[in-house]
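Structures given as structure tokens follow.
You will see two complexes here that share chain A, one where it goes with chain B and one where it goes with chain C.
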Partner chain A sequence: MRRSSNSIVMIAYAIWVLFPFLYLLVLSLSADWRFPSILPNYIGLKNWAAVLGGETGLVKSFFLSLFISLLVALSSTLCGFLLSRIVNYNKKKNLWTIISYFPYVLAPVVFGACLSYYFLRLGILGTTFGVILAQFFIAFPYAMIFFSPFWTEKTKDYENLVATLRGSLVQKFTKVLFPLSKNLILICFFQTFLISWFEFGLSSIIGVGKVQTLTIQVFLFIKESNFYYGAMSCCLLMLPPVIFIYVNKRYVFNKIL
Partner chain B sequence: MSFLEIKKVGKSFGNQEIVKQLDIDLEAGKTLSILGKSGCGKTTMLKMIAGLESPDEGSIKVGGTMMNSVPPAKRGIVYLYQEDLLFPHLSVYENIAFGLRIKRMDKSFIDKEVRRMIAELQLEGHADKMPEAISGGQRQRVSFGRAIITNPLLLLLDEPFGSLDAGTRKDMQLLFTDLSATYKITSLFVTHDMKEAILMGDEIGLMREGRLKIYKSQQAFLADPDTGVANEIDFWGGLTSNKSD
Partner chain C sequence: MKSKSRYIGLALFLLIGLLPFGLALVYALLYSFGIVGIANDGFTTKFWQQVLVEDTFVQSMLYSIVISILSVVFSVGIAMLIAIKYVSKLEKPFMSFVSYLPLCMPGIVVAFFLIQILSEAGWISRLAYSIGLIDQLQSFPSLVNDSLAIGIIVAFVSVVMPFFLLLFISVYRQERLDELAHVASSLGASPLQIAIKIKIPILLHRTRMIIILYFIFLLGAYEIPLILGQESPQMISVMVVRELNQYDLTKISEGYVVAVMYTILISLLTLVVFSYHRSKTVSHA
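The block that comes next holds the complex of A and B.
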């Protein structure tokens, strides 16, 4: 009795979690679904064929977002790792750490509005580079804060040990620090990728409609009441996070736990 | 002739003078054990010799070479911590080979040297294990092997057996004495254990509030009432006589 009630709870939980995703998938395959029909009049690959045919601009947006997010994740993870080392070995470590939290005091949209003036003066408003730089301003401090706990006295001792064993600075990083922090670096890369991937407010202000990332496309379809294409772009939006969650679970979290 | 010559070295942090007028003269192949309580300046002294801290004044010479402005990676002085600091991502073999690999030595030379060192450290059968799979004493052996295989000019040991149990500690003291003789290691051995200081050192130093006093022989150390050895002997002697009464 108890076993069957547990199974019901588990199934209910699975439905509750998976329903929005399944619904989005069905919606992306649908067309001409009007009240009071319970099921859509059309289910097929018409919408997806339009996407792959390049009609909607979604494929272009998908690859543009992928490019922006990969670049933001790579640069902020690397810079965050290196800079957090300097900050955490500094005598005024606490002050620098507080400064790292500052970009999060403002909502990204407000932060974007503040940046837009300077970006306009620099001539990078409405450019892909401008969007990358703006997202970097958000993701980089996150990476700095993320890596802070790694730079302990013990890590410093490892570094000193490598130095006295006649290792160079490059060898310190390649032979010890990167291998020791490999899992943290991977997690930080995933997290900063996701920060960038789902960014909307900042990108729309800095991109001024000229840089059509996937999140901006999703909102455009929703504004146009094109739910089928909206659902389809949401499916595309989910794809990289799903892959990352799988990779994280399979190769990173299991090794940490 | 002195191999390690330290003259009038001092170091302060803010207004606090941590090491005062440090003078050391140590011959090659000898061990100077340094006894001192926590916070007396032992670690700062070792870090200055290793190049990890810079002295405010004085000179440090090793083998006749002035070391003050030489970076740690070029000094040839290895600093060993109380914690073994084995690299968790490398096997026992790779940990020992580390210093030779970063010097880009020939692979067959590295293999020969590492296998010889593993045999000396009595770690046969453990070469492929990861650090978490071996005991505390074995880890400390690997740490020694990793340092000694690089043939350092000077070995600095900062309470290396502090975290080991009594039995393992005794084994490690014997092993270190053997390795010192075999490889003719010049070393400074810091400890807060009086017995260990007497056992390990050819010369014994006593550090108090940043000042180091060196005794060239065990007899000189035992004879000085400041060292507290006489009190120790009286205490243990008293216990023995009370028991026999």
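The block that comes next holds the complex of A and C.
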């Protein structure tokens, strides 16, 4: 009896999780779905055909977002890894760690609003580079914090061992530090990619409507009450994270645990 | 040579990690005191006085705090209940994948989905209509853009709860809570006592910093309250952006006052929380 009630709870939880994905997919495939209809009158590929035909600009936004997120993830993971080493081996490590939390905990949209003046002066407000730079400023502290636990006494001992064996700095990184931390680097890359991919407020402030990432498209479709295209952009927005989680769970987490 | 490269590294860290934050704060501070800005003509404290007299900031801050606390309490409560009761079921391959899926939904998608589901013309309203619970669209209670912020809280819980669930499952295993529970049980403790006196305190103790961090994140959340919130009161981030985007140029300085107050408050909170955590860690060591 208890066993079956536990299964019911798990089934209910699975439905609760999966329902939004299914609902948004159906909504993206439908048309003229209005109150009081519980099911759509039309299900087909009309909306998606329009998207692939380039009518809505969604494909462009998808690739623009992908480009921005990949660059942000790559740069912040690399800088976070290298600079967290220096910060964590420093005597004032605690102070630097607290400092790195400040931009991270502040609402990105408020941060962006206060920073937009400098972006305007530099001529990068409303440009893709401006959005990448602004997102980097919030993804970088995350990477710094993420890599902090890696730089332990044990890691330092490995580094010292390489130095004792007359290994160069390049060898230290390529033969010891990168192989030791490759799974962490991969997870950090995924996480910073997602920070950028999901970012809305900062991109809207710095992009000033000229850099139309996918999250901004979703918001525009909500404002226009174009729910079918809104649902399509939501599906596109969720696609890379679903793939990442699948890859992460299959190839990364299982190797760590 | 080695120390030189370290100094360069530290300088780079400060340049990327601290300078933008410092510059943003300085500009907001200067604007709030009328030192910079198109409509401003020199140092004044009138914008600060205006904001403090108007009470909008306090109201918005309290509104944000209440919503954030409620969302965190619900999220932690539900996640803990599920984690404690169903930990082994959630570790099976399919359920494990399902547990991670909510992390794929950003706030803006959750907000969009909740509009589709909870609004007056939403899917639940249609279900209620089809089974005769309501006879017209307007009879359905407004659950988004509502005065009680139900939509915002539901969205926050939907975003944050799955994360806490994964966190609690991970800590549950790390702390070997099943083994502790087994020992307690053999000493005569009931399942309720085991949950209240062993599992919940350990899970809360191990994750308290992350819980506080999530409270701070929710305090500054933007897209969910922007889409699901009402005109007034607004959550703090929405209010700041609204003030800064006003056509009335004299109001922009007040927006920066609010931004400065929020930044200082969050920075102090972070400082206090981390100092407290560090002192606890040191004293335990």
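Of note:
As a convention for this text, the second predicted complex is superposed on the first by the 253 of 257 C-alpha atoms of A that agree within 3 Å, B and C clash if a C-alpha of one lies under 4 Å from a C-alpha of the other, contacts with A are read in each partner's own complex, and residues count from 1 in each chain.
Everything below uses one rule, namely that a residue touches a chain if its C-beta (ideal position, glycine included) is under 8 Å from a C-beta of that chain, and two chains touch if they have at least 3 such contacts.
If you're wondering where the values come from, they're calculated on a predicted model, not measured in any experiment.
Once the two complexes are overlaid through chain A, chain B and chain C fit side by side, free of any clash as defined at the top of the document.
Judged by the touch definition given at the top, the superposed model places A:V208 against neither chain B nor chain C. Of the two partner chains placed by the overlay, neither chain B nor chain C lies in contact with A:L78. Shared-chain residue A:Q171: touches chain B; no touch with chain C. By the touch criterion defined above, A:I98 lies against chain C but remains apart from chain B after alignment on the C-alpha atoms of chain A.
Touch criterion not met for A:L120: it reaches neither chain B nor chain C. Using C-alpha centres, the superposed arrangement gives chain A a vertex angle toward chain B and chain C of 100 degrees, stated as a multiple of 10. When both complexes are overlaid on chain A, the residue A:L180 reaches chain B alone and has no touch with chain C.
In the superposition on chain A, the chain among chain B and chain C reaching more residues of chain A is C.
Once chain A of one complex is fitted onto chain A of the other, the partner contacts of A:L161 are limited to chain B, with no touch recorded for chain C. Of all Cα pairs linking chain B with chain C in the superposition, the shortest spans 10 Å.
In the complex of the two chains, the chain A residues touching chain B come out as 154, 157-158, 160-168, 171, 175-176, 179-180, 182. Chain C contributes residues 6, 9-10, 12-13, 16-18, 20-21, 23-25, 27-28, 82, 85-86, 89-90, 94-113, 115-117, 121, 123, 125-127, 129-130, 137, 162, 213, 216-217, 219-223, 227, 236-237, 240-241, 244, 255-256, 259, 262-263, 266-267, 270-271, 274, 278 to its touches with chain A in the complex. Touching chain C in their complex are the following residues of chain A: 6-7, 9-10, 13-14, 17-18, 20-21, 23-24, 27, 34-38, 79, 82-83, 85-87, 89-90, 94, 96-103, 105-111, 113-115, 117-118, 136-137, 140-141, 144, 194, 197-198, 200-201, 205, 215, 218-219, 222, 227, 230-231, 234, 237-238, 241-242, 245-246, 249. Residues 50-52, 71-79, 81, 83, 85, 87-89, 98-99, 101-103, 146-147, 150 of chain B are the ones touching chain A in the complex.
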